[in-house]
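When the chains are written out, they are named A, B, C and D in that same order, and each has its own residue count from 1.
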Amino acid sequence: MTDITPFTTHLLQSMQAFVPETALIVTFLLALAADLIWKKQRHISGYMALAGFIVTGFLLVQQQSVTGITFSGMLVIDHFGIFIKWVILLSAMLVVLFSFISGELHQAYTRLGEYYILIVGMVFGMFLLTGASNLVMIYLAIETMSISSYILSGYTKFVRRASEASMKYVIYGAVSSGVMVYGFSLLFGLTGSLQLHDIGAYLQQHSVDNLTLLMAGIMILAGFGYKISAVPFHYWTPDVYEGAPVTITALLSVASKAAGFAAMLRFFRLAFTAPFTAVDADWTVIGSIDWHFVLAVLAVLTMTLGNLVALWQSNMKRMLAYSSIAHAGYMLMAVAVLNDTGVAAILIYFFTYMIMNLGAFLIVQLVADKTGSEDLEAYSGLGYRSPLIGVALTVFLISLTGLPPTAGFIGKLYVFTSVISAGYVWLAIVGVLNSVVSLYYYVRVIRNMYLRDVESQGSKITFTPAVLALVLLLAVPTLILGIWFGPLVDWANLSMAITAFH
Amino acid sequence: MEIGLSHYLIISALLFSLGLYGVISRKHAVMVLMGLELILNAANINFVAFARFGGMNMDGQVAAVFVIILAAAEAAVALAILLNIYQHFKHVNLDEVDQMKE
Amino acid sequence: MDLTTLAFYFFAALTLGFGAVVVMSRNILHAAFSLLFTFFGIAGLYVLLFADFLAITQIMIYIGGILILIIFGVMLTTHITGVDVKSGRTGSIQLGGAVLVTLALAATLIIIATGTAWNESPAPEVTSTAELIGTSLLTRYLLAFEAASMLLLIAIVGAAFIARKKN
Amino acid sequence: MTHDTLLTLSVFVLLTPLLSFMINIFFGNKLGRLSGVVGTTILGIDLLMAALIAFSKLVTYGGEHIIQTRFEWFSPGSYAISVGYGIDNIAAIMLMVVTLISFLVHLFSTIYMEGDRRYPKFYAYLGLFTFSMLGIVMANNFLMMYIFWELVGISSYLLIGFWYEKDSASNAGKKAFITNRIGDLGFFAGIMILFMTYGSFMFEDIFAGIASGTLPFNNPTMLTLAGIGIFMGAMGKSAQWPLHVWLPDAMEGPTPVSALIHAATMVAAGVYLVAKVFWMFTADALTFIAIIGTITAFVSATIAITQVDFKKVLAYSTVSQLGFMIMSLGTGGYTNGFFHLVTHAWFKAALFLAAGSVIHAMHHAMHHMHDHHSDPQDINNMGGLRKTMPWTYRTFLFVTLALAGIPLTSGFLSKDGILAGTLAWAKLTGGWHWIVPVMAFTAAGMTAFYMFRLTIVAFHGEPKTKIAGHTHENPVRIVLPLVVLSVLSVWFFYSPNPIDASVGWFHARVVQPETAVPAAYQWEFLIQDHQAAPAENHGSHHALNALQEETHHYHYLAMFLSLLIAGTGIALAFAIYQYKLISADALEKRFKKLHTFSYNKWYFDELYHATVIALMLAVSKAMAWFDSVVVDGIVNLSAGLATVAGKVTGLFDHVVVDGAVNLTARVTGFFGSRLRKLQTGNIQFYVVMLLLGVILLFYFFV
């Protein structure tokens, strides 16, 4: 019998680093129980979920200084992961708040027990994904969040569109993760390890067959690409975003994308670039495959397709789906440079993207609840029918375009700076051209709100103060972050180093 | 000829492709799910074969265990979703479930 | 040709032959039962690869669980008595695409499988893998093991919700 | 006032209009009619503070180049981005221009916008606009310049489209917005070239970098391109050909807005930008600027001749004058170009406000007579306003003289300087460059002609309609701004000598900066001779470079020529419009028929034989032919010339500018429409595409 004392010590330490996730599990179970006990309370599990998220947030604050490799290398806790976890947690909290006021959900159900429970489960999966440093863990975490989101995207199951979305999502997701697992198996065969650190170390010491490594890498990219909606793995995105309840669409477009980016970055950092250095601003790619170029091509494809097709959309949710594809493309540019500055840029971008995108979706939700339509036409004269909503949506769209003085400008600025300073001027130019194209379709909405169908402006749309407060909660930071973003940048710079040493 | 690693890998590659063919070509959603199972099994054969020929590296077998667990969970959820589709469309032919497009 | 080789070819043929039937058969029930034999063939391959525990698992979970689930799915979504039990194929253009893509991928993967210098080393003698896997699951993979139980719980909650007819 | 006090006060000047915006946007509905009072008061305070700053900077610190501050904003990657703001002499003068005109427009609008249901919003937008404009004035770096530049674009978009119920107004707003984006694209590219080379957005860093001999990408052409890129931003904002198309349409906005934005401030932003970064233009870039300015000045003058809409005439005249300013800067006439900006701001604002006064009176009269069909802006509906609106007429006449460049007005001083400058420039550079002064003088003549045509048709003679007869002079809050602005157009404010500006304070305080561009890429004559002019000789006793010397030589020739040409223009206007109206009581059509070809021919020959060379004769033959084809009431050849020029520019706008915009839209739209077909809705097709993606990527990167 071997001595298991070192293992138990390690396990106890790991458990301490696992408190936020544990809190999520407890929340999941409590919400499940609460839902069974108080059957009359429509939002009881929602309140539990929100409370659980707040507790998780407190625990995350406690963890701010923790860095370490836990559970025998399954999970890494570092500043980078914690930043992404904040993005996930904040967006989940906001989406729960959106759900409280969603007419779409309440028309269908008197109780929403499973809805909030599954959101907690999804957040748990995403938390795991941000730290996962083992291929099995990555697969497991992706499946955990995916299975929750398959169900959630079809949650309004009496709606045909939602059911269709759910079905497409599950099939596409299953194939993507199947392809990814196959890629994992090839990587395992090449290096004999499932541990990302060990894979990196092995690749550095041995030269392996390039073709195989490329195939494995691309198959794995298909899995990550599916999560972050990168072209050509994006096909599920528009249909699922359109069909799913808008609250879930919002969550998918921000949180699940953030988790996907985190896993992808960590994977590239640990497995495909040289490890063993604590502070290494420029990562050195192992082997002779030019991953910079591969990722840059994906970035160009992603943002170009997203923007060009978005021009043709008349459904707001679908348009925002393509816009979210385009934004994934902008962020992929910063992935392609594969260095710490790029990571910082992505973190900044994600934080701003979270606020502005959730804001846009919130307004889509509000308008759909009031007018019963997600069509662009429903926004005609909105600027006069509900001035505050009109102004807020304008702010969000300008921010999504990336014009100053909004948060979106700062995100884009940092991404472009990181790309240019890494020497990829052509990539930045493509990015800027794409931004110009995106102006067309974002401005189209603003034009509809202010310059079209002014006759029908008679019917005012009013919202409760709570709803307006929620809108302002997102619109004001969008503007403030456009001017005062020092703390965000400092935080991102603090979090940009992905733990890469053993 | 000695049965080596590559024999298993070829089986796995063929099974993987068969699974994909099934996913792409069958109308009936349940058959698509069967194709998916083949894909995952192909990956599993890889894991186990690499484990065996990589010096009995148990990581591969453990990975296979997890893939099996997840395949089960995924199948359960996918079938539940298909039942729901059946409620709406009275069939589960994937090529006729295409209301949302472009 | 020794017994192991013979067994390998037998199981390989079982796997691929019935695998082909699964994806080609027009009758869904035929496909489902062919899947049973495919899984069985794979379990046999696992035995040949010194993965006895996995072979058992494969039979238990796949044949005892997933396959039953799938057959239920067939029952619930098809009028057994009608013609619906047959599944047509998708349009011919897409079918052509499917064949092409599949062949291209298969060829590429086989080239890779045969042409790569894999990380190989001689295997030590092992009697049973069950203990090794058990130890792994409860030490190195403890977190994954626990997380998988979370995942199953989520899947149960979700599947139960979505399959339920009433609100 | 110390430097620090001055800088602190500038922040207040900048933020005060923002306060007005905040108050009016959030409490506008509660304030109602009071919002005008609030806005005007706030602007009044702002004006006083700005005056204090301008006085302090120009008098106390006149010799210092700039009083500024900078601080590090943030540092992405390896860069450290600094921003800041500063007041130099031209900024101090611009502060006065912006706040004073904005204040007067606020005051004017309390009457003009009375009864509009979005009255408070109007004041909010005015506040926002003033804030953004002041931001441009104070920026001492490209980053802030660009940010405020866009803010100005947005607020002007709001103001132009203020009456969005009118399709034409909202379309005009869009047109302005989009056209400006085209220019801004160049602006952005220019900034990026500089930023990538010098790693800073600060003017001082970039100019120091250029002066030290570092060139973008080690290539002088890139420096030229960066300059042209930045100038493209100016082309958009300052409505330079071929991006001028938006400005006349922008007249759909309320008239006080036209006065503020499209006459005095925003359109001047482009000129201001060129002056601000004058240091970094190479000789090639300057030549490009000069040519664009000249074309603009000439083309839009030809168009202005035939317009019948009161505001359209003024709009084209504005474009033309902006062309003069840009041309002057391009030919190295830094001081005169900026001088013209300032003088033009006063008298053009006055012209627009007078137009507003007339339109307001016409509206009232129409309302009184229950007429809702006539066009209150058509000058053919006016006439005889001299008697009903005496104050408007007097001020209008005086500022028209200023615009025409008649001595004793500020316009004479600045325009004369520009014209002399073009002569000097052509002399020094030679060759085909002589076309610049030729076109400049022609445009100046046309300016005098069309302005007097406008004055005579609208104000002189008998009322052409009953409406015009029923107009009345407006209240004092409308007339006072007119008087103030007219008074500011008297020569006395700029120079003690009514025919020579170079002895005045303006020339002493606005001194052409030394170019930062290495001598090899710059006009020789723009480089100061340090031997002749010791370094301590800054401020009022600055050294003159060769161009300035030459400009002095041409001063009297230019004065003589421009007076001759302007006089001819005015005389023609009187001959055609005033005289005929008096002599013939017949209807307008008959009046036109009475004036035979010979008279027009004579006018044409006179004008062109005296001024234009043989090239123009060929054009004139084409004109004559064109005239006979377009029978419909083209009464003189100058009008024919204008039509052709207008058509050509119109064609250019439609085919090239619109075409480029449409082409981009079509190309992106084409690919978008094809790509979206991939989204078939069939999940299995998606899976095929996924696998295809894997395979293609694999073989692409192998």
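Here is the rule we use: contacts are C-beta pairs under 8 Å (C-beta built on N, C-alpha and C of every residue); 3 or more make two chains touch, one makes a residue touch a chain.
Keep in mind the model is a prediction, meaning the values are calculated, not measured.
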{"item": "Chain pair with the higher count of C-beta pairs in contact (B-D, B-C)", "value": "B-C"}
{"item": "Geometric centre distance via CA averages, chain C-chain B, whole Å", "value": "6"}
{"item": "Averaged-CA centre spacing for the pair chain D and chain B, given as whole angstrom", "value": "68"}
{"item": "Euclidean distance of C-alpha centroids - chain A vs chain D, Å", "value": "47"}
{"item": "Chain A and chain B, separation of their C-alpha mean positions in angstrom", "value": "26"}
{"item": "For chain A, residues contacting two or more additional chains", "value": "136, 140, 143, 147, 150-151, 154, 157, 166-168, 171, 175, 179, 186, 189, 192, 211, 215, 238-239, 312"}
{"item": "Where chain D touches two or more other chains at once, by residue number", "value": "676, 679, 681-684, 687-688, 691-692, 694, 698"}
{"item": "Touching two or more other chains - residues of chain C", "value": "90, 94, 97-98, 101-102, 105, 108-109, 112, 118-119, 121, 140-141, 144, 148, 151, 155, 158-159, 162"}
{"item": "Category of the chain touch graph - line, ring, star, complete, other", "value": "complete"}
{"item": "Residues on chain D engaged by chain B in the complex (per definition of touch)", "value": "676-677, 679-684, 687-688, 691"}
{"item": "Chain A - residues contacting chain C, complex", "value": "7, 11, 14, 18, 25, 28, 32, 70-75, 108-110, 114, 117-118, 121, 124-125, 128, 134, 136-137, 140-141, 143-144, 147-148, 150-151, 154, 157, 166, 186, 189-192, 202, 208-209, 211-212, 215"}
{"item": "Contact footprint of chain B on chain C as seen in their complex", "value": "4-5, 8, 12, 15-16, 19-20, 22-23, 28, 31-32, 35, 38-39, 42, 45-46, 48-51, 53-54, 57-58, 61-62, 65-66, 69-70, 72-74, 76-78, 84, 87-91, 94-95, 97-99, 101-103, 105-106, 109-110, 112-114, 118-124, 126, 129, 132-133, 136-137, 140-141, 144, 148, 151-152, 155-156, 158-160, 162-163, 165"}
{"item": "Residue ranges of chain B in contact with chain C within the complex", "value": "1-3, 5-22, 24-31, 33-35, 37-38, 41, 44-45, 48-56, 58-59, 61-62, 64-66, 68-77, 79-84, 86-87, 91-95"}
{"item": "Residue numbers on chain B that touch chain D, as the complex places them", "value": "20, 23-25, 32, 94-95, 97-102"}
